[in-house]
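Okay, so here's the structure we're looking at.
Chain nomenclature is as follows: A, B and C, assigned in order of appearance, with residue numbering initiated at 1 for each chain independently.
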Amino acid sequence: MSQIMSQTLLQIRDLSIVYPGARANVAALCDLSLEVAAGECLGLVGESGSGKTALLLAILGLLPRSAQVRGSICYRGRELLGLEARQFNDIRGTRIAMVFQDSMSALNPYMRVIDQLSEVPRVHGGLSRRAAEQRALDMIEAVHIGEPRRRARQYPHELSGGMRQRVMIAMALIGEPDVVLADEPTTALDVTVQAQILSLLQEMRGRTGAALVLVTHDLGVVAQLADRVGVMRAGQLLEQARCAQLFSHPQHPYTQALLRAVPRMDAYP
Amino acid sequence: MKPAPQTPLLQVRELRVSYAARYRGRTVRLRALDNVSFDLAGGHTLGVVGESGSGKSTLARALLRLTAVEAGRIHFRGNDLLALRGTALQRMRAHLQMIFQDGISALDPRQRIGNILAEPLQIFRPQWSDAQRLASVLAMLERVGLEAQHLQRFPHQFSGGQAQRIGIARALIVAPDLIVCDEPLSSLDVSIKAQITDLLQRLQRELRLSLLFIAHDLPAVQLLCDRVLVLYLGRVMEIAARAALFQTPQHPYTRALLQAIPIPDPQRARARPVPIIGDIPSSLSPPSGCVFRTRCPHAIERCTREIPALRRIGDSEVACHRAGEI
Amino acid sequence: MGRWQRVRSHRGAVLAGGVLLLLALSSVIVPALSPYDYYTPQLQFISLPPTLHGAHLLGTDPLGRDLLIRVLWGIRISLLIGLAASCISVVVGVLWGAIAGYAGGAIDALMMRAVDVLYSVPFVPFVIVLTVLFGHQLWLMFVAIGAVSWLDIARIVRGETLSLKRREFIEAARVSGVRAARMIRTHIVPNLLGVVIIYATLTVPSVILFEAFMSFLGLGVRAPLASLGSLIADGASDMQAHPHLLLVPAVVLATIVYCFNFIGDGLRDALDPHERP
């Protein structure tokens, strides 16, 4: 494990998000505070409706216009809430990147893989088209996609789910971000493919030193990757602890119940 | 027609199911299941596990006669299931039921729960009075952990877990001999999964149910099933008793599957070996010989030429040329 | 929000419903209370213009008959034909489409080819032939309209049935032992109702217009009975001198058609299963 610098990259204070609704407002997040340090992996665990996706969208400025947001999100000391779209474009995709759950809808079905991948280095990095494409190819190889040159020229629907997810990870990392947000990146995948993707995420973290905020409902996933774990329910952060600590000595009753509910498999190896 | 006492409740032999699919502008045959054979004895639960393309949902639908079968035999309660038509087929349905993956979608959105649950009784117990049917429905509701007040409600008023309970109640209400569960936990949240698994376990004990439990969720399979069948790309890889499968899996795919499942224990999770490489091949062009060979760390030349037959290794049946050596 | 709450919140539809109800009620109540009838000529009152304070609120026609009463009768006839013919065509269309869609295969093909054939029947000549053969009968209108207006609904219902067939609860019902007849009756048709109601309310105005057109051509109701279409025909011939004879029934017909369309829109916004959040 590489030297973890204690520099705080992301500081979230008292974040509240309310979605206006037809009959009543929905509070997606309530006074949530947390920090993400450089190079660390923070796992956020919660069931559906816990607000974990809203949190990620808020960090990237992707919430719907109608959402009412209060509190503060600071990236390297710079306030992100209320930033102009143009200013956000410098950060989104380059400094803070996201891996989505559903690769089929997150990737443009009309663009070849290599074109989508080379967009970020061309637009943000100012690289020439050739250089950007080379960079894209390098990334495709780095995420272990077999036959990289052939796959690069294909469209998303021609790739398997696992390969598409690798492309998403490549897209997230190509701008060399400090922070990668991953929203249930393996939930839609088969178990054997999931294991590969998790292993890939681990490898990429080691190589690039990027921090990873991993949002999932699967405790097994955080057990494998996370340095620290936060447990969310109904928009609140109930407990935060180092990974080993949370699993061995959970403090909050909800965490304890969650751990009890996960079926343990008593098996090989 | 009572079957002979020693005949297994369900016998499947060399089942083959294919679909017509369009691929690159041509119509091709997609083989969803090939040469699948297994038995299920009364009072037992057989788990069927596999990932995408394994054919497990196709198996469920073929057994329930919702999908056409290309070749093979299915014997249920001693009768040839595939030969049944019309009224005989309908009568068979009283003995063979199904629980669906998405609880809410499996319920008619325009019908009240009371009617949905009473419908099988109206069809199979036409001589019963309304009062008798109502009593039976209420008893079943209670058994699955719901209340009488739920009778009047519509499906959209229920949560996923509750809807699944209703589905279980509907499957049980005519006291079938066998229930096929098609991934009943997949669309549920973690804590609800645990509740429904508990419910199924309790019902298994109380009613001595025979279940065919199809899932990709191995931990739940370990809790509920006596024996497990592992499918990959429509072919059987391994069939074994629970203890044998989970402790001493023989087939390389079974081992890879077990190793890939996330464990909620940081120490064990990080001590695991590297997962197998490669993606699941497309069902449209499966590999020759053993379909798993493209991802198998132990593949040899023979695996490319010859499809391995299921053979007995200890307590398990394994379809691997090198089972026993590795 | 419940379905009926959503319908009620669509104010235009509610207003349209109110207007139609008012017209329908008037067409029954007012002629009963009025001293005039729709058929007795009163030659001393020929073609009087509308007068707000006079004996004839909307004036009279060339035979001295009170226009208000004739128009109200016209409304009655139009609504009667519109609603009755629509009901029949909805019932036939739904059954046809649901059976074809659920059965599939050869039965579906046969049933939908029949629909295609009927679609290609040239309509006006068909009605003319019927009229020549049987004379001016009210029931002829029913037959003519009935033969054609169910076709659209049959196609729509068949399409909906095809997509319904693939839904999980239909498979679940099959597993429960439900067979074709019960399936269509209990599970398919009730789930089609949203779509059917929408198209039914849109069928009514087209039927009314169709009848009006037939009457305008002289093929519909027989004098002295009047429908809005025949009143428009009569009024058109005297347009220059006595415009009220044309304007009144025309405006009423347009209002009725407009109201039904509005209600149909409101119902679609409220009930369309595809738009449900």
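The criterion applied here is as follows: contacts are C-beta pairs under 8 Å (C-beta built on N, C-alpha and C of every residue); 3 or more make two chains touch, one makes a residue touch a chain.
The structure displayed is predicted, hence computed values, not measured ones.
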Chain centroid nearest the full-protein CA centroid: B
Furthest chain, CA centroid comparison against chain B: C
Chain pair bearing the highest count of C-beta contacts: A-B
Distance between chain centroids, defined by C-alpha means - chain B, chain C (Å): 52
CA centroid of chain A to CA centroid of chain C, Å: 57
Centre-to-centre distance between chain B and chain A (centres being mean Cα positions), rounded to whole Å: 33
Touch list for chain B against partner chain C, complex: 64, 66, 90, 93-94, 97-98, 100-102, 105-111, 119-120, 123-124, 167, 170
Residues on chain C engaged by chain B in the complex (per definition of touch): 167-169, 171-179, 182, 186-187, 190-191, 193
Residues of chain B touching chain A in the complex: 51-52, 189-191, 193-194, 197, 216-220, 222-223, 246-249, 255-267, 269-270, 272-280, 282, 295
Contact footprint of chain B on chain A as seen in their complex: 47-48, 144, 146, 160-163, 190-196, 198-199, 217-221, 223-224, 243-244, 247, 257-269
